[in-house]
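Presented below are the structures under discussion, each in the form of C-alpha cells.
You will see chain A twice below: alongside chain B first, and alongside chain C after that.
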Partner chain A sequence: MIATMQDHWYPVALASKLTRSGRDTLLLAQPIHVRAEASGAPVVTCDGRVLPVLVKFGHVWTSLGTPAGDVFDIPEAHQPGRRLVEVGSVKVRCSPLRAVENFLDIAHFPFVHTDVLGSEPHTEVERYEVEIRDDVNEVWATKVKFFQPQAARSAQGGITTEYMYRVPNPTCSVLYKTCPPRPGEWDVITIFVQPLTETTCEVWPWMALYDDDSTMTQMIHFQQLIFLQDRSILENQLPALLPLDPGQEIPTRADMLSIAYRRWLKRHGYTFGAQLVAA
Partner chain B sequence: MILYDYVLSPSCYKVRLLASLLVAGIDLRPVDFHPGAEHHSPEFRALNPAGTIPVLKDAELVLTESGAILTYLAAVNAHEWLGHDDPEMQARVANWLAFSQRLTASAGAARLHDMLGFSGDIDALRVQATDALRELEAAIHARRRRGGIFLAADRPTIADIACFPYAALAPDGGVSLDSYPSIRLWMRAIRALPGFIEMPGIHRLHEQMPEPGPMPDVVRKESA
Partner chain C sequence: MSSIWIPVALSQDILSGMAIPAHLPGHDLVVWRSASGRIAAWHDRCPHRGMRLSHGFVRGDFLSCIYHGWRYGENGHCSKIPAHPDLVPPAAIKVPRFDVREKSSVVWVAPTGQAGEPVDYRGFTGFRSLSVNAPADLIARAVEGEERLAGCSVVLLVQALQGRGCNLHVLAAEGYDTAQLDGLSLAIEVLRRRLEQAVAT
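Right, the complex of A and B next:
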C-alpha cells in the first residue's frame, strides 16, 4: 500500500527535551503544537485535533493522517553498547527533500566537509550499487567506498570508509558507515527531516555509534559541525524545490542514488517540496 | 587556559580564531549549548552566573566577555594585536569591541532564531543587523580610501576578530552580504591571514573552493 504524504510519520521533537508548555511548529505547512503531559507522555495537536504519536530513536513522531504501521526500524540501533546521540534540530531554508538528497550526495564530502569527511585530491567516486527494494519499499545504495581524513570523532588519521545509504521514508535517511573501533559493525548516522513548508525544514540528526572515547557533547558537536557545513550549501541550492524529473542532465556515477531517490518519490506521488517539471 | 566552547558559536570562534592566529595554545572544554542547554545548568552558572559562552579560565582568572577574552589573549601572546600604538588607535579598538556586541545582538540573534529556533522578533533583528552592517561597510570603505582594509590599524587587531564572525555569518540569519563590497574584501583579508581557521559557514580561502554560495556543479546540473 502506498501511503500519502499525510500518512507518513514525521519527527517533531526530542522526547528528552519536551516540556509541559511545549512548542509551536509546522508540519507539512500545518501549525501543530507538541508538548509533554504531566506523565511525560508526548501530545501533538493540530487545530484542536489530537494526532497519532509515538516515540522512537529518541524523537517524538507524529502524522497528520493515518499511518499504516510503526516508524521504520533500524535493527542495528538496538545493539547493546552503542551510544545514542541526540544531536538536536537545525532549521534550514531549503526543501525537506533537498535536505535528504544532500545527505545522499556521495560526491560532496571533499568539497563540503573538506579535511574531515573528504579531501582533495581524493574526490573520485568508485563504483557502487543502487536499488529500489520493492519488498521493503526502500531506496538503498551499497558498496560505497571513500577515502576520508577523519571519518568519525573516533577515527585516527585517514582511512578508506565503506558506506551504505538507506531511504526508508521520504524525509528520513540512514547512513551505515565503517566503524573504526569495531570492524565488522556499522555506525548508524541518520537524518530525520521535519517538513515545515515546501522550502523550509527542521533537520533532526541522530546517531547510534560505537565510541568509548568521546564525550556525548563531543559527538554532538562533531555532527553539528558536519551538518552546519551542509546547511550553508543547502540554503543556496537552486531551484529551491527538488525537481523529480531528471530533465536534460547527464547523470554522473555520483548522481545515481539521487536519481533513484527522485524516481522513488515520484512513484509515491511525494510532491511536498518537489517540482515535477524540469527547471 | 581553558575555553568553554561551543562549536557553532561565533563568539567562541572569535577566541579559537585569535588563538590560532597567535599560535597560542588553549584547551577546549565543549559545552552542550544545543540541544542540552548546559550553559543554564547550576554547574555552569557557578562558573558564569550570566550563563553565557564563551568563558575563558586561566588559573584564578575567569573571563566571560568575548572582548575581554580577546584582549587577554593578545596581551599575553602578541601585544601588537591589541592596537595600542597610540591613544587614537587604542580608542578605535575599544569602540569596535563595543560595536561587535551590536552585531551579536542583531545578526547573531537572527541567526539563532533562524537556525536553532530561538525566539525573537526576526524582522526587527534583521533591520538592526542591516543598520550595523551598513555602519561597518562605511567604516571599512573609509579605511580603504586611505589604503587600508583593517578596522583600527594598518594591520589586523582584535577589533577585526571581534567583528568578523557575526558579520560573516549574517546570511545564516537571512541577512545577505551582497550589497557590502568593502565588508567582503575585509573578510577576504582576514581569511588570508596565516593561521586562519574555519567554522561552518566561514570558509578558508582556497583556489578550488567556490565562494560561499551555490556550488557550480549543482547550478550547472539544475539549470541544464
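Right, the complex of A and C next:
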C-alpha cells in the first residue's frame, strides 16, 4: 500500500529554534501551527486537530494524514565524526516538486553555480544509472560524475566529484557526494521541502559532513549561496507547476533522473505542485 | 489607426549582447541583440525546462539559457546542448519567434507572418522609455494629440502591459541640444506624475 501525499511526513520547523509561541505556516495549503510545549516537545495543530509529530535530522516533521512509519532514515548521517549542519529555511515562489527536481539536476552547475559546482568547458554529463526501487519506493541515481572547481567548502581546487541521489519522499531528497577530506566516505546533503501551496514552498537544507576545518557559519553560508543561486532559477520557470505529462518540456539524456522522478510522482499520484494536462 | 506592431523598447536600450524581458498581450518575450547587432524577439521560455530566456546570456550570434546553457541561433533552433557536447540537437527543439523591426529607433514586435510594416516616424529618434503606473487606454487618451513637450517636437507611443500599467516610449525630433533634451526629460517626468495622479483621483 503506497501512501498518498497527505500521508507523508514533511518538515515544518527546526527543532532547536522552536519557541513556545511557535509559528503559523502552511502544509499542503492547510494552515497549521507549530510550537514547543513547556517540556520542549513540539506540537503541531491544524484547525484544532493535533497532528502526528516527530523530530528527526534536527527538524520537526508532521503529517496531515496517517503516516505508515517513521520518517525515512539516512544511516550514514549517524556515523560519528560528522558535523550536522542546520541551514534554516528559504521560502521560494515555486512548486515544491520543481525545488526537488532542481536539486536532482547536475547539468546546471556550470551555468548557475559558475566556478563553484561547475565551470565551462566541463559541461558534459556522462551516462549514469537511474532506478525506481520498488521495495523501498524510492528513486535512485548512481554513478553520477561531474567535474567541480570547488565541490565543497572543504575542497582544495577542482575535482571530479561522484554523486548518488536518492528521493525517499515526494518532497525530500538526499545527495551523497565525494567527501574531499575523506576519500571513501560520502558527504550527505539533503533538501527537505515543506509544500506550502502548489506554487510556494519552504526549503530546509540539512547536511551531515566530514569537515573539521570550516566553522558552522561558513558551512551554512556555502549552502545558502548555492541555494540562492538556485532560487533565481526556480522563481522563473514557466509554468510554475511541474509538468508530469510529456510534451510541455524537452528532456535529454542528462535528465534521466528528472524523468524517473516525474514518472514516480505521476504513478503514485504525488501531484500537489504538478501539472497533469498540458495547458 | 491601430497597428499590429507593438513598440516594446527603444533600440538604444538594448545594446549588443543584451537580453531583456518584454511583453505583448498574452505573451512574455525575450528581446535580445546579437554581438553583430541583430535584434530578435522570441517566446521568453526555454523549451527544455521552461526557464525564462530573458535571464540568459548572449555570446556572438547566439542566446543561451542561463539554466543549462542550451544555445539558440538566429532562427530559434537549438544548436548546442552543453551536457552532451557531441550531440546534434534535434530540429524540433526551437523557440517560437515573433517578427521584429527597428524603425525610428523603436523596437516593434508583431506575431509572425503579418502583412504591413510599423509606422516610420521620419526625422524622429528614440529618446526615453518610462513605465507609467496607470491603464494604457486612459494614458493613450490623455496624451493623444500631444506633439510638443518643453518646446520639443515629440511622438508618444503607449504600450499596454497587462495588469502592469503601461510603457510610454518618447521619440524626439532629431537635432536638439543637451539643454533642450534635459528640459524634455523633466517635462516627461512631470507628465508621468500628472497622469498617475489623474488616474489615482
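Assume the second predicted complex is superposed on the first by the 275 of 279 C-alpha atoms of A that agree within 3 Å, B and C clash if a C-alpha of one lies under 4 Å from a C-alpha of the other, contacts with A are read in each partner's own complex, and residues count from 1 in each chain.
Definition applied: a contact is a pair of C-beta atoms (placed from the backbone, for glycine too) under 8 Å apart; a residue touches a chain by one contact, two chains touch by 3 or more.
Here the structure is a predicted model, which means the values were calculated and not measured.
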item	value
Touch count on chain A, higher of chain B and chain C	B
Contacts of A:59 with chain B and chain C, given as first, second, both or neither	neither
First, second, both or neither for A:125, with chain B first and chain C second	second
Which of chain B and chain C A:233 touches, first, second, both or neither	both
First, second, both or neither for A:35, with chain B first and chain C second	neither
Which of chain B and chain C A:253 touches, first, second, both or neither	second
Which of chain B and chain C A:262 touches, first, second, both or neither	neither
Partner chain in contact with A:111 - chain B first, chain C second, else both or neither	both
Shared contact residues on chain A - chain B and chain C	111-112, 120, 232-233, 236-239, 243, 248-250
In the complex, chain A residues that touch chain B	14, 17, 23, 86-91, 93, 111-112, 114, 120, 202, 215-218, 220-222, 224-225, 228-229, 231-233, 235-239, 243, 247-250, 255, 279
Chain A contact footprint on chain C (complex, rising order)	28, 44-45, 47-52, 55, 64-69, 81-85, 87, 92-93
Of all residues in chain B, those that touch chain A in their complex	6-8, 30-32, 34-36, 38, 114-117, 171-172, 174, 200-201, 206, 208-209, 212-215, 218-219, 221-224
Footprint of chain C on chain A - complex, ascending	107-108, 110-112, 120, 123-125, 232-233, 236-239, 243, 248-254
